[in-house]
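Paired with subunit B in one complex and with subunit C in the other, subunit A is shared by the two complexes that follow.
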Partner chain A sequence: MTSAQAARKGIRPALPLLAPAYLWLTVAIFLPLSAMAFFSFMTDLPMAGREWSLTLKNYAAFFSTSLYLTLLWSSLRLGLEVTAWCLVIGFPAAYVLAKVLKGRAREAIFLLVILPFWSNGLVRIFSWAMVLREGGILDTALNAVLPFTVSIDLMYSYPAVIIGLVHSYVPYMVLTCYLTLQAIDDSLIEAARSLGASRRQVLRRLILPLAMPGIVAGAVLIFVPVVGSFMEPRILGGRTGTFYGTVIEDQFVAVFNWPLGAALSFILLAVVLLILAASAPILRRAQQ
Partner chain B sequence: MKRSTRLLTVTALLASALTVSASAAELHVLNWKGYGADEPWAIEAFEKATGHKVVNDFFNSEQEMLTKLRTNPGLYDVVMINAAFTGQAIDENLIQPIDTSKIPNAADISAEKAQSPMLNRDGKTFGVPWVWGLTALAINDKSFDTPPTSISVMWDEARKGRVIIRDDAVEAIQFGAIASGQNINDIKDMEAVKAKLTSLMPQIRTFWSSENDWNQMVASNQIDVGTYWSGSADRAKTQFKLPVSLVIPEEGAVAWLDAFSVPVGSDNVEGAEAFINYMIDPEFYVEWVTKVGAPVSANDKALAALPEDSFNRAVMGSPEVAKRIQFQAPITDEQRESYLAVWQELKVNVK
Partner chain C sequence: MKLTGWLEGVGRFYVGLLLAFLYLPIVIMALMSFNASPFYQLPFEWTTHWYSDLSRNNQLLTATLNSLRIAVMTTVIATILGTAASIALYRYDFRGKRILQVLLFPPIAIPWLITGTAMLIFFYGIGIGRGLHAILLGHVALALPYVIVVVSARLQTFAPELEEAARSLGASQWQVTRRVTLPWIMPGVIAGALFAFAVSFDQFVVSYFLATPGQGTLPVEIYAAIRKGFTPEINAVSTIIIVVSMGLMLVTARFFKFGGDR
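Right after this comes the complex of A and B.
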């Protein structure tokens, strides 16, 4: 039997298993996305007898003012900051889960990490609103404990947006890091220690490189949606909550300029893909 | 090109098929949330009297309302439209002419509003005036010993971080026009408006988009003053018992007229006429004002049914106020886009 025959034999029985997923992807993602790509080149939507033609002006609009570039830059910065905080908070948690806790305790902590996933995003944001505002839960609690009065009013500020987003996305980092950390053989760490490596050296030369695929996967999973996020900035950010994502939302919901909204979305997609492509070699080197 | 048109047609057909399958006696109403048409007691009374079942849907901005009409043809039977936007809805063939002879209460609407060129075209009526009101200022009573009289309170250093305005380009620009002493429908000096709004930005705590946002900010004592709609301020006081008072600044305020229209493709026009008739009825209006709080009715008889010293009759109806207010005229798409550009720029530069 040649290998080609083997391959064909391998794929035919698999077809019924693959078909639903690919059919779903085609219908649910490819069609709407290509419709959106098409909209982004139109002057207007072909609705209610509106005149329309093909144009590049929606893409030109991005470059015509510094507005969108400024916004894109602040959204990318937001994405980087949130990813960094998720790493700082998520990695140690994942390490403890994978290497320190065992049995019941691990299950319990795991549940706590996953919990934010099970609550509705809007509910999470409004809960933060109650906690962060002046006279809110955090403010009241701190003043009840501390001997002096502090005024905590983080609501409607950039830190509030960061807090809300980090809370929403940190589970991704914990989960991806946990998976790679768990795969590290304990005897490797023991061997390194017995050969005289300090704890810091073990972390830097052994654990971090081996966990890198998980860190990278988590970072990508967090960075991409955060750059386009609009709900958290709008509700928690107040007057500082204008980002690239909120402007896209405005185009779709507030001014009904779908073509411009679609064009802005595809520019964002292109920029994110470029960033990922540019960082791929660096990340690959880091993994070696 | 053909493919996308076909796709849209199929979607539209599907949407209308879904609508047809719904009971014919259902009446889909599109309006702001908490704005009269969704009062439980009113719906109950209307359903009992006519047998039509009311299904409410809501929007958070005029653009969202137009979007909903465009993307759901045939779904809605009654839509509440700010008269400044009625012309656009007519142009886009979103609403149909109304036979006012089938709406008995329409005869009592003040002539100047009923015959407004914004609502009538080619001798046909496209909108039945319901209420009118102001976009003025409202204050948190707890923060003021004596209510302010000037719009400049928004720029008062002492109020820094305790001011709120609506996240709406047109409303913001028109507010800036009033603050810089200009005609809202003919803004000559946009730079002055920009300068005014730029200096306002550091004062602002956040932007509001729905009544609920505003009321919550006052309930948690986070703001002192902000732009607000007259009917909403009345509602905050009457229904929600919040310390809110309306201030009509001496510099003036933006006035708007809200009207009911019937979307093209409505399958329950008869129900729509009955609903509009009920909404402009004096009995409903008086109950709405006393129980909940409302803007000023366009129906003279409804207004006359209020007590003589009521705010909507005494203050809003006074000639002294009439001199200060400027009614909103329709805005072209170009104007709206340029307003949005200015507003977005202001919001981005705040960082």
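Right after this comes the complex of A and C.
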């Protein structure tokens, strides 16, 4: 796409149109992020006349006890597990959407798949609480079907957190995989088949490599917010739901150790940026 | 060929299962808002009791009003500023333009937990403080990149010769924008506006860190209520939110084709 056909030179005439939006972004996003970086090196809140000085102790706190590293690791693992489940569940669905369904049926089902993630994430997590609690729907339904009594109480457990997060994020994977799968020419697949490739070979040697940018984009879109999630583990995980995100939340709303919270947030930001940087080459390849 | 047909059947069934997984909890939650038992006990007994309770719950009503007000203001501000910026990015060429475009992605890509806590620190530090005004400030910033991306996508389909033609016929810059460019990109602008509304109306994380006690948006109040213990009233208000935001999305889909080809 050539976006610059109409382009006229010079920033001066563009400035009045650009400045309001970018000033707003600066005040509400870029300055806060910079402030957080600075704040993470402070001993105390620099307000209400309190004494403060520069320090490394917030970062020392992260590295000296194993607590935060362990939590960061469990959040990263949570991110990996949720991403893997989303891929396993979402990719086949994207394939069916892109290659099996046609016309209006495809359009309608595609819309149905992405519709939920435009509804409130908090409410969807809450809806799982309805299903998973003891005496909840899953419990009742299973006991109605099975001849013996089972007690399903998944609520406040690790699997509950996984289920809730996969439910929240699987539409991303379907969406991104669908977009790349749809771009694969059907005649390529037919050609490979007529040359004697088995279904498995077609999948492994043709479809998966071509769909890789979509898979990576979906994985990034899921992994990054899951590592920073705190509301989902709180509601569905209960006591077992302590992760890196919930500890950051605590620093700001319960313990009021903002400098430590800022340091923990900033470390998370560094991890996120590393992941984004690592995935950039594959995503850039997709644009070309 | 027979095998292919069979596999396709399995594929369709699988997509059906996925849809069940996606919608079942939501449907159950909605059903429970019409169930008489306050402890979600079955058998199901129809009632609208929880909705009438909700209509008398001042805290939740205030929060709903706050949410709507902020979402509408966010939509207006973000759509106007975002559309202006998109037109500038499309029409003019200058050094650093690429950087400005890349800068749109951090607000989308960085987890809201980080953005939200950073806003809390900064707004507190420079005296803006917390509250509804801070929430509005944050929501507009979150919505802006979405508006710019959506409107810019629409601008890609615009023929710049039209602007040139209008100009050579003596139209002023403002006339060109108002009579030629804006009508063409209007579907994109409307889609961008709906995105902005959805981003703001469903936003929980950033609002949560910027809200003051008793002056929250709806998701913030719902979170507080869930942590105190579930009541079917939360189901009722959640059902309303789900219906509103899904309805909104369906409207958006009419204006803006997702997934491209047809």
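List of remarks:
Assume the second predicted complex is superposed on the first by the 245 of 288 C-alpha atoms of A that agree within 3 Å, B and C clash if a C-alpha of one lies under 4 Å from a C-alpha of the other, contacts with A are read in each partner's own complex, and residues count from 1 in each chain.
One rule holds in what follows: contacts are C-beta pairs under 8 Å (C-beta built on N, C-alpha and C of every residue); 3 or more make two chains touch, one makes a residue touch a chain.
Given the structure is predicted, the values throughout are model-derived calculations rather than measurements.
Taking subunit B and subunit C in turn and counting the residues of subunit A each one touches, the greater count comes from C.
Once the two complexes are overlaid on the shared chain, A:V224 sits against subunit C while remaining clear of subunit B. Of the two partner chains placed by superposition, only subunit C is touched by A:I11; subunit B is not. Of the two partner chains placed by the overlay, subunit B and subunit C both lie in contact with A:A35.
Of the two partner chains placed by superposition, only subunit B is touched by A:A254; subunit C is not.
Overlap of the subunit B and subunit C interfaces on subunit A: residues 31, 35, 45-47, 133, 135-136, 253.
Residues of subunit C touching subunit A in their complex: 8, 11-12, 14-15, 18-19, 21-26, 28-29, 32, 40-42, 81-82, 84-85, 87-96, 100, 103, 106-107, 109-115, 117-125, 137-138, 140-141, 144-145, 148, 156, 160, 163-164, 198, 202, 204-205, 208-209, 219, 222-223, 226-227, 230, 234-235, 238, 241-242, 245-246, 248-250, 252-253, 258-262.
Taken together, the subunit A residues at the contact with subunit C in this complex read 1, 3-11, 13-15, 17-18, 20-22, 24-25, 27-33, 35-36, 39, 45-47, 89, 92-93, 95-97, 100-101, 107, 109-116, 118-124, 126-131, 133, 135-137, 140, 167, 170-171, 174-175, 178-179, 182, 220, 224-225, 227-231, 234-235, 245, 248-249, 252-253, 258, 261-262, 265, 268-269, 272, 276. Subunit B contributes residues 4-5, 7-8, 61, 63-64, 66-67, 70-71, 92-94, 201, 204-207, 220-222, 336-337, 340-341, 344-345, 347-348, 350-351 to its touches with subunit A in the complex.
Of all residues in subunit A, only 31, 35, 38, 45-50, 65, 67, 70-71, 74, 133-136, 155-156, 158, 238-242, 247, 250, 253-256 touch subunit B in the complex they form.
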